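Each of the next two complexes has subunit A plus one more chain, namely subunit B in the first and subunit C in the second.
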Partner chain A sequence: MSIVTVQLGQCGNQIGFEVFDALFNDSHCPGGLCSKRENEAYQASCKERFFSEEENGVPVARAVLVDMERKVISQTLSKAARSGRWKYGQHSCFCQKQGSGNNWAYGYSVHGPRHKESIMNLIQKEVEKCDSLSGFFIIMSMAGGTGSGLGAFVTQNLQDQYSSALKMNHIIWPYGTGEVIVQNYNSILTLSHLYRSSDALLVHENDAVHKICAKLMNIKQISFCDINQVLAHQLGSVFQPTYSREGSFHYRRNPLGDLMENLVPHPEFKMLGVRNIPQMSENSLAYSTFTWAGLLKHLRQMLISNAKMEEGIDWQVRPPLSGLPPLGKMSVNKETHFNTSIANLVILRGKDVHSADVGAFKDPALYTSWLEPVHAFNVWKTQRAFRKYEKSAALVSNSQSLVKPLDMIVGKAWNMFASRAYLHQYTKFGIEEEDFLDSFTLLEQVIASYCNL
Partner chain B sequence: MGRRRRRQPDPADAARALPEAIAALSRTLPAAPSPEIFRRAKFDRPEAAPALWRLLFHVLSPLSADSASVSFTLVDGPPELASPIAEAQVRWVKSVLHSQGYPRLALVQLQDDGSQGGRELLLALAWLLARGPLPERLLTQSHVRLGDEMPVCECEALASPGPPAPRVEAEGSVDIRHLQWLMGKLQLRWRNLMAGQQEQCALLGKNPWQRIFCSTRLSWNLSGLQLLLLCGTCPPADLPAPQTQIHSYTRGCHSDRSLGHLSVTETELLRDPEGGRQLLQRLETENARLEAALEWRHRELVFWRWMDTVLDTCPLEASPPTFLPRIPEPGAGAAGLPVRELQALQEELQALQEELRKAVEARRAAWQAAVGGHGPEWRAARRALQVAVAQDLAALQWAWEQGKGQARPHGPRRLVRTEARVPGRLGLWATEATEALRAREACLEAMLHQLQGQCRQELARLVGVRPGLIWVPPPAR
Partner chain C sequence: MEEGVVNEILQGPLRDVFDSKQLITDISGSGNNWAVGHKVFGSLYQEKILEKLRKSAEHCDCLQCFFIIHSMGGGTGSGLGTFLLKVLKDEFPEVYRFVTSIYPSGEDDVITSPYNSILAMKELNEHADCVLPIDNQSLFDIISKIDLMMNSGKLGAAIKPKSLVTSSTGVFKKRQEKPFDAMNNIVANLLLNLTSSARFEGSLNMDLNEIIMNLVPFPQLHYLVSSLTPLYTLADVNIPPRRLDQMFSDAFSKDHQLIRADPKHSLYLACALMVRGNVQISDLRRNIERLKPSLQFVSWNQEGWKTSLCSVPPVGHSHSLLALANNTCVKPTFIDLRERFIRLYKKKAHLHHYLQIEGMEESCFTEAVSSLSALIQEYNQLDATKSMPVEDLPRLNIAM
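Coming up: the complex of A and B.
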């Protein structure tokens, strides 16, 4: 089954390119530590999901590129074409000349309705190329104007037009000390609208990824390109093919559907985070060996202590003793707190994957009281190694880890809202104070639900 | 001279005949224990009981023993090992036997932990075997299917309710978030199922010729490729076999001329040697079971004679009381005590029946009053209802009589793509099958709307009951 990607705004398009590049390069990676036949099956599965075939044999990404400025899209198209190995469809992009000025309301109320038909037509064309549609993967940022406002609008329209298809929004959480003054307004409006029309929100925080680049990848001058490549690596390790069942060697047909069924069936809990281990520059790879036990131990502690990378993990954080609630109900001000999960999905790729023991993730203490590990925890495996990593593990989790950042953003937005700062820029384009209040209510409800796990 | 001397029947043969008969039976049935267990069951030995409970469970369960009936643990080791059987399974077996009319009370009285009653279970098994062609029915259920099949009607699925789902013991209240989680999971799983079905339909119906001419990469292994090239077709590229347009590509390949093309399973067989080996193994096991079934039919007389001896060893059972027992006149003294108690019970039962009758009448009167009493509108409405029902019945009867001559679609059908205009004798056009399915779909949709309407009315009624309560409906999907 195929996934159609919608890349929105500067952020969405740049990340989208890196994602497709990572997926393609991984699937054509020679070796992969498995037999030729297995490799071919893996390639075929990846290809069917993310690429379609064109006459001259060059795979075309199943993507629609949308931006209100020309520059980024043309850069993206040319980068893809330059590689010669895959490309974007010539007619799969939509751009305008004017931009959105980092104004959510402009993206949502002006650009959206004005360009709705063209954009939905492009998406329709892409959907028709698929034999069967698994769902949509929408890449956008929260802080800007196009990605956030137009993204929310497009997601809503996808909900109306393709109500039976699944939608996952990949959201880039802005830097805490971001440059856009109104980024908190944009963020809360985006999140509240997406919570109503999307099925899952997969979040990547710029701050966290920045730290990974600095500490683990040892990059001195961190550019957006580096950040995007780390992001793409993490997404690739989630979406590349895995076996459909324990003991099967056939690849899963509907990863998006299976992921959502395992992680986000509850309408109040839709926020997902990704962690990946090991994360390092490819130069250092040759000098490192890992065991599954070590990787999984680190991954588990990363989950529990809400760390985003394998360095600087706080090993003091422990799960509460069984039967007792976690030490004090969560308050967002506590520094070290045990991160309770609702559901987790561990994805293992590489050598001897069948010997990996994930029992530590089945500990009921990790999970909320109303869901048992047998329902809350799943593991997907494949022998085929991801890129050059002999063993790698990814964790997609629905947990409390995003509560604190969310609370911060809501707090800051509320302070601005209370003093009516910059509101006129929104009301000018039809976003009234009621809409803001609705957003605050919904997000406070989400925060409360997660805190009360 | 040649008067042929009559061979004396070898006593050793006679001794062997029974175990061989039972062994044949064992090989036919799923999860059946060895002849030794049967022998022990005759003498009511405890080790025989769990194995026989398991056997009865598998025999009565509509799912075949191969498919994972995941709510219950299946036998892993040899059936003789006395691994514990779940109480729920024991109760279920008892209830199914009772519903099928099994007469012996002693079975119902056996303990739920499944530790005793080998002899009774043996009798129950014999009763099931005597009623109908049990081995043959089980073999049909677990038959290895080689064709691409599509179910046309659901009567089998509807008629046989499966084993009950394990009861969730609710300790106090259930967290509503858990229920919401399960509800959401169900909805998502349903959507995924629909998407999977649509994918399968789309891929089986796609026009393959463009792909053949456009694609250049062939990822089939050589043997499969050679075979198909010999048949004059060209395999498609890239997509794994089950998803390609097999029926068109493999035209002319099948040894059975009436079918004409290979099915997905058969093509996979050619393409994937490992899968082919597994399919071969399954076919071989099925063959072995079929042979065992034949052997059983030859030898079953011995088994029935032996079962007579088993019945003889059973203690005599009083005839099952289907009516209230005839109580003899109460005697004096201790002997009369149980009889007096029985009489008291009988009186109590009669009193209860009287009470029930009164309650039913009161309810009926109340309902009639609620509906509108015996006024003229009520009579008119009732008459209209009667007329409508009579019309429906007449329509049904007419429809049935019309359709009597045609072959009614039942059970799964093998999909065959053919150029021929005339369907085979037993065949069914795809259009007829889709018509039948569409009719069923319309019927189910109507039922769904009706149920939704009822739910809405119920909700409205509940809302009306508590005026201060605010109902927040979920966002419309």
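Coming up: the complex of A and C.
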């Protein structure tokens, strides 16, 4: 089954390119530590999900590119074409000239309705190319105007028009300080709207990925390209084909469906995070070896101590003794806190993967009381290695790890809202104070729900 | 409203850049009288101006904003310029109006400049989306500093001629230039950098509408203090990070502002940093972290930074930075203007030149000065919050 990707705004398009590039390069990586037949099946499965074929044989990404000004899309198209290995469909783009001015209201209330037909038509065309549709992967940022506002509008329309297809929104959480001054307003409006119309929100935080670039990849002058490549690597490790059953050589056919089934058991809890280890510069990779036991131990501790990378993990955090209730409800202000999960999915790729023991993840102490580990935890193991990593372990989790960032954003937006600053820019385009209040209410609800796990 | 300047442009090296059909001139000028510019020439030329504007607008696929460039102290720029502002607002309500205004310096040779400026300020308050105030004295000081640096040879290696922000032809000595050319060049570079992200690619683009969205928290507070760095580069092309960081530090020093202002010691409402050249997000973040502690931001916008990265540097430089600040440090300029106005108005000096124009009454003056006072009061109220501790407001309580 195929996934149609919708790339929105500068962020969405810049990331989208890196994601397709990573997926393509990985699937054409020589070797892969498995048999030729397995490799070919892997390639075919990746292709079915993400690429369609054109007459001259060059794979075309199953994507629709949307932006309200031209520059980024032109760049994205030409970068892909230049690589010569894959490309975007030349008619898969929708562009305007004026931008959204970092204004969520403009993206949602002006661009949305004005261009709804054109954009949905493009998506329809892409859907028709699929033999069967697993769902939509929508890449967007929360801080700007197009990705956030128009992204929320498009997602809503996808829900109306394709009610049986799944939607996963990949959301970029802005840096804590200053990319965009109104980023907190744009974020709360985006999150509250997506919570109503999307099936799952997969979040990447700029601050976290930036640290990975600095500490693990040893990049001195970090650019957005570096950040996006790390991000794409993490997404690739989740979305590339995995075996449907242990020991079988058939790859799963419904990636989005399987992800949702494992990770979103309850519609009140939709916020997903991804961690992937090991992640390092290519130079260091040549000199490192890993064991599954070591990787899984680190990954588990990263989960329960809410670390986003494998350096600086707090090993003091421990799960509460089983049988006893957790030590008091989670308070957003406590520094070290045990991160309770609703659901976890571990995806392992590489050598001797079948010997990897994930028992530690089945500990009921990791999970909330109303879900048994047998339902809350799943593992997918695939022999075929991911990119140049002999062993690669990814963890997608639905846990409390995004509560603190969410709380911060809501807090800052609330303070700004109390002073009424910038509101005239939103009311000008039909987003009233009431809409803001609705958003605040919904998000406070989400925060409370996650805190009470 | 007189022909000399426009004719010079038509005979100069840029004559082909301007469409001669889009030029409007008159003979006698406005006599440094805002009322003549605004009321007399306004009504005389309104149709003609509108017609030419519409013609220009038709050529655009998507018109985003107007740049109005004028001085506040004279008659035409100030009077007719602000008249046009209202016309643009009525005729093209969706198009943003960016105004670059040259404010009169302390030693200004136009006696009536306080009247003209105050009358123009009222229009700017009401009809402009965003104003970049600039004053001649600051520009002059910057030029003098550059001259001093060059002449003292302090910088060791020779400065590349083309590397000066102010030099256009590569000849930095023995200018046959007009006296204001070097100063105007700085303003030109300001506008260049403002639009760079819209014209060139970059990893974090910023359009003009984003400037207004992020830097204007309340409609009346739309005055932005600007600073441009570096003003020259050294021959050494390989800029190590410390020099790059120096560029950021300079942007906040009062010597680099294009108006008499000290943003570091006043309150920031918002700040935008537009970077050009080989600068990455990590450099930007590092400098924001470094400079933040020494700057004061208003309580509801503690992280009030808007940033942009454009890959293409300006000619002759490897990187550059334009900082736009919505900061209470504009207040002294306005207070100063009001003082000068009051001194003149108390004696009713030169008032008859204005009142004899049809449509002008004393109420025009009093309304204008109270509009300015109201603006100053807004800034005062913000300044009062400067030293107060920042507290988080109680949040919504959700019943579980």
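FYI, the second predicted complex is superposed on the first by the 453 of 453 C-alpha atoms of A that agree within 3 Å, B and C clash if a C-alpha of one lies under 4 Å from a C-alpha of the other, contacts with A are read in each partner's own complex, and residues count from 1 in each chain.
By our rule, a contact is a pair of C-beta atoms (placed from the backbone, for glycine too) under 8 Å apart; a residue touches a chain by one contact, two chains touch by 3 or more.
Fair warning: this is a prediction, and the values are worked out from it, not measured in the lab.
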Clash or fit, subunit B versus subunit C on superposed subunit A: fit
Contacts of A:Thr291 with subunit B and subunit C, given as first, second, both or neither: neither
Partner chain in contact with A:Gln90 - subunit B first, subunit C second, else both or neither: neither
Partner chain in contact with A:Asn121 - subunit B first, subunit C second, else both or neither: neither
Contact breadth on subunit A, by residue count: subunit C or subunit B: C
Touching partner for A:Gly257 - first (subunit B), second (subunit C), both, neither: first
First (subunit B), second (subunit C), both or neither touched by A:Ser281: neither
First (subunit B), second (subunit C), both or neither touched by A:Gln161: neither
Superposition-derived minimum Cα distance between subunit C and subunit B (Å): 13
Intersection of subunit A interface sets (partners subunit B, subunit C): none
Residues of subunit B touching subunit A in the complex: 175, 177-178, 180-185, 187-189, 191-192, 194-196, 198-199, 202-203, 206, 214-216, 219, 238-240, 243, 474-475, 477
Partner subunit A, residues of subunit C touching it in the complex: 61-62, 64, 201, 203-205, 207, 209-210, 212-219, 270, 280-283, 285, 288-289, 292, 299-307, 309, 392-393, 395-398, 400
Sites on subunit A touched by subunit C in the complex: 10, 14, 69, 71-72, 75, 96-99, 101-103, 145, 175-182, 210, 213-214, 219-225, 227, 410-412, 414-416, 418-422, 424-425, 440-441, 444-445, 448, 452
Touching residues (chain side subunit A, partner subunit B) in the complex: 1, 40-41, 44, 47-48, 53, 55, 57, 131-134, 163-164, 166, 196, 250, 253-254, 257-258, 260-261, 264-268, 369-371, 375
